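What follows is chain A paired twice: with chain B in the first complex and chain C in the second.
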Partner chain A sequence: MSTDPRKLPIHADARHADVPLEEKQRLFDEVVADTRYHDTLYGCYECGICVAACPSARFYDFSPRVFAQTLARKDVHGFYELLVDSVWDCSQCFSCTRCPRQNSPGGLITIMREVAVNNGLQSAKDALAAYSRVIYKVMSTGTQVSPDMLQPDFFPDWGPDVQAVSDNLETWRRAIPTETLHTLELAWDVSEKTRVELFLIWKLTGNFDMIEKIDESSYLILEEIMEELLEEHGYDFDDIESII
Partner chain B sequence: MPSIANCSIPDDLFYHVENNTWLRDCGNDVFELGMTDIAQSLAGAVIHCRIKKAGKGVKEGKSLATVESGKWVGPVKAPFACEIVERNEAVEQDASLLNKSPYERGWIARIKPADPAAARASLLDAASAVPGFEEYMKQHGITECTHCEGCDLP
Partner chain C sequence: MNDSESTPQQKARTKLQVITRKPRKIPERYYKDELLELEAKGEIVVQRIPDTFVEVEARGGRKKKIPTNKLWHHKSCGQCGHIPGYPTSILWMMNQMGVDHLDPRDQTSCTGWNYYASATSNPVAQAAVAVRNFVQAERDGYFPLIHCGTSYGHYKEVREELIHHPDIREKLRRVMDKLQMPVVFPEELVHYSEWLHVVRHEVAARQVLDVSDVTIAVHPACHYHKLIPDDAIYDRDVLSGERTAVVTAIAQALGAKVGDYSTWHDCCGFGFRHILVSRDFTRSFATLRKIERIKEEVQADLVLAHDTGCVTTLDKSQFAARGHNRNVGIAVMADCQFAALAMGAHPYKVVQLHWHGVDSRPTLRKMGIDPEAAWKEFEELTAKINAGEVEFLTWGDC
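So, the complex of A and B:
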């Protein structure tokens, strides 16, 4: 029998047996290599405080404790199961950071989600498919929840009220203080200078490249919006690094 | 007019199945382009459509317009390398035309292909496009097209 803990019979019923161990290990190593990793996991003695505090645990088959345990044990098979499934059930509220050992299961999940996105995993594409408008708004304007997102298609669970709101958006918007300048397509007014700075940040930090693997359509649109504005301001979009 | 599950596929147009767009030959190597009935159903109520300005060149597969609906945002891709001859200002002003009249008042742009002969050869007529659209609908889980109030489709 193998002495490699990752090949013990306990993993015989692990899901995703079709995915090579090496691939699971590569993704695991990518999570562990993140500079934030060692500030989020100090070992778990299963007190369950994180689970008791977790809103997602009340509604889904989800447990923040499982993340801390699985990663602490270096259980690569279990890690992969979490990476392609439960990792998207977390609401990222960080209630779990009340851990007496100073673990942050929510922080581990942040890192795992980034690894899932950076590797273009199908589960990440599926989880983010409904958020194309949010990605588009955030990356093209820096604002996320704009009034014109209040649409019956996007919030069917709000019932008939949302139809009434979207039909009279401009009127409702005027009831809110003038600081927002009553914008409809943006949460507030965003200057061109801010957008240029924002686009440079997305490009230079690699955030923009993350989108290409996860949502090709949004990438295509954003690439053209960013390229046009940055080139108007004298930046060579294909050689942004040269400005550093 | 061929139809799949309440989705209209007019006979007098050409189609690019993968991009879910239609094209009308306007003569003089100019094509009118828009979203199909299937595309508008998939998008749902469209609230913005931003189209590139006339004179802009667009490479094949790149975006010539951005469509934003209540639940989705996506590009309208150029089926071939082309130049935008004219954009539909009415759609820029009222993007719901894409839902109300996808094949007539909701045209998005008039484009001139860089290579007209190759462009014509790349397009499908309605009958040839139907199997591709059926497969597309299956892949995207579309059981039928939906039409908003005031839509000019039968």
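So, the complex of A and C:
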């Protein structure tokens, strides 16, 4: 692809002119190298069915068709523009899979987001800045959404019912007949054995290492929690290496 | 509403419903065949459907077995954490119907909500989380019944990746070896709303409330019928077989009126990441594209959904929209909550409607329930808990 500014594609705006083409190409190649990539993109008619079905397209400057087109054309400048911006606008509902070419723009975006996280891109850190408590919760407990997250400061727009839940949280959790749901910090009572197995999965698959690239504070807290539990169960935390 | 009162849009939709299409050619091979082939090669273990099941048609006409006994509750973190009446209604119904089921502690969430929101994971980790749960279900001797639409969709993706990507399979096997577990995958991925669908006539036979005055709008979950769509159940007698039959069929079996609306296929606006940290988008989509359309076109009393995120989004988004004078204010619950109410479940002890945002009392009254009296009963119970007289509510109290 030409680096002549006069020949740059329409999505290569001035904001990212300082990023070398080689770096954009490296990230693009990482996306294409993903084993799932060729299951998500078969070409594009530009019919716009994906855009018509897409919820994000109605409220953001976002188009699943542009993702399919940009990647199919190997437009690395346009790709980089999408990677550091609108990739985080996707709703991941996969309404776009009604594509007549069997493309999955949502699937492409899943891969692109993983590359953004794995490379610790600042745009990914910004997009996930308010999200770190959720990552911490799901990785440390095995359940992502817990009763104690229902607080007015986190959900002020959900109305006074959130305050009522917060005020009565412990009593109302006890007033559920399902025995596994008498919890506050977890969605349900996950056994210790299961948490140990989950922590091993995070370590063995490299999932834990991903967190360091995106949120070092959460990584350090998680490391402490995981190390303590795994060592209680006879594992040497530092000896468990990713096999991916 | 009679025909003379229909809007042009409603008439057009009615006409569309009578269009019939040529039946799709049924493929010769399905996921199950691919899984069994991998099992024959010694790569995986396929957990079989228990002996008690109902066979229905999935998209494209292939037969799908839905187990009705020996069910392992693969719970949803969003349901259990924020709308606990959702799983509790499922468990209560199974207790009433004498179903053998297990609510395990040896279960994690699928972690898919986080994956779709933040991408802070990878395909092998996600497959390992899924398979660890499936191994546990098999060891417990029960078949996984997946409560969450996200988990159901996510596990369909995991299955796709395992079938088509030997590299992912090979890495997964190495991880599971370290955990001293085999790679187990169920013969079918089964969503709880599919179980509710196949037992709907038994539920109706146990119905104690007349719900014929209730008008319902159904919202189907994207990850149920769009993301890898061939698992979803279709029935020629429900919505002409043009849309998935789950949720609509149970509402109809109970005698409720089900209204159609122009944005039926639209997503709810959940967005995974958005519902937690970018709710301006979620709220706008949920209210403008779904709730307002439903209110104008159906005048529904109740929106029924069958997924964690959809119930949360459509319910919680309505409060702030009221501040903008939007035309909102429809109760939202899951199909199983509505069915449990129709079977006589307590609206607060079992169905736990106090965790929902929109006032459901007008709908309860239409069903013949006195919400004030029911709330008083619930408060008497919580007073006992606060006084230390009882530790927990039990099934016996319900």
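What we mean here is this: the second predicted complex is superposed on the first by the 217 of 244 C-alpha atoms of A that agree within 3 Å, B and C clash if a C-alpha of one lies under 4 Å from a C-alpha of the other, contacts with A are read in each partner's own complex, and residues count from 1 in each chain.
Note that in this section contacts are C-beta pairs under 8 Å (C-beta built on N, C-alpha and C of every residue); 3 or more make two chains touch, one makes a residue touch a chain.
What you see is a predicted model; the values in this text were computed from it and never measured.
**Q** With the two complexes overlaid on their shared chain, look at chain A and say whether chain B and chain C clash or fit.
**A** When both complexes are placed onto chain A, chain B and chain C end up side by side without any clash.
**Q** Per the contact definition in the header, classify A:153: touching chain B only (first), chain C only (second), both, or neither.
**A** Touch partner of A:153: chain B, not chain C.
**Q** For A:56, using the defined touch cut-off, is the partner it touches chain B, chain C, both, or neither? Pick first, second, both or neither.
**A** second
**Q** Can A:143 be said to touch chain B (first), chain C (second), both, or neither?
**A** After superposition on chain A, A:143 lies in contact with chain C alone.
**Q** Once the shared chain is lined up, is A:130 touching chain B (first), chain C (second), both, or neither of them?
**A** both
**Q** Of chain B and chain C, which one contacts the greater number of residues in chain A?
**A** Of chain B and chain C, C contacts more residues of chain A.
**Q** Look at A:217 in the shared chain and tell me whether it touches chain B only, chain C only, both, or neither; answer first, second, both or neither.
**A** first
**Q** With the two complexes overlaid on chain A, check the angle at chain A between chain B and chain C, Cα centres, nearest 10°.
**A** If I round to tens, I get 110 degrees.
**Q** Across all Cα pairs of chain B and chain C, what is the smallest distance in the superposition, given in whole Å?
**A** After superposing on chain A, chain B and chain C come no closer than 10 Å at C-alpha.
**Q** State which residues of chain A lie in both footprints, the one left by chain B and the one left by chain C.
**A** 130, 149
**Q** Within the complex, which stretch of chain B touches chain A?
**A** Counting only chain B, the residues touching chain A are 44-45, 47-48, 62-63, 66, 68-75, 77.
**Q** Flag every residue of chain A that touches chain C in the complex, lowest number first.
**A** Its residues touching chain C are 35-36, 39, 53, 55-56, 58-60, 88-89, 91-95, 97-98, 110, 113-114, 116-117, 124, 127-128, 130-131, 134-135, 138, 142-147, 149-150, 155, 157-159, 161, 164-165, 168, 171-182, 186-191, 193-195, 197-198, 200-202, 204-207, 210-211, 214, 243-244.
**Q** Name, in rising order, each residue of chain A that touches chain B in their complex.
**A** Listed in rising order, the residues are 130, 132-133, 136, 148-149, 151-154, 166, 185, 217-218, 220-221, 224-225.
**Q** Which residues of chain C touch chain A in their complex?
**A** Within the complex, chain C contacts chain A at residues 75-82, 84, 87-88, 91-92, 103-109, 111, 113-125, 128-129, 132, 136, 153, 160-161, 164-165, 167-168, 171, 174-175, 178-179, 222-223, 226-227, 229, 265-267, 269-274, 276-277, 279, 281, 283-285, 289, 316, 319-320, 349-350, 352, 354-357, 378, 381-382, 385-386, 391-395, 397-398.
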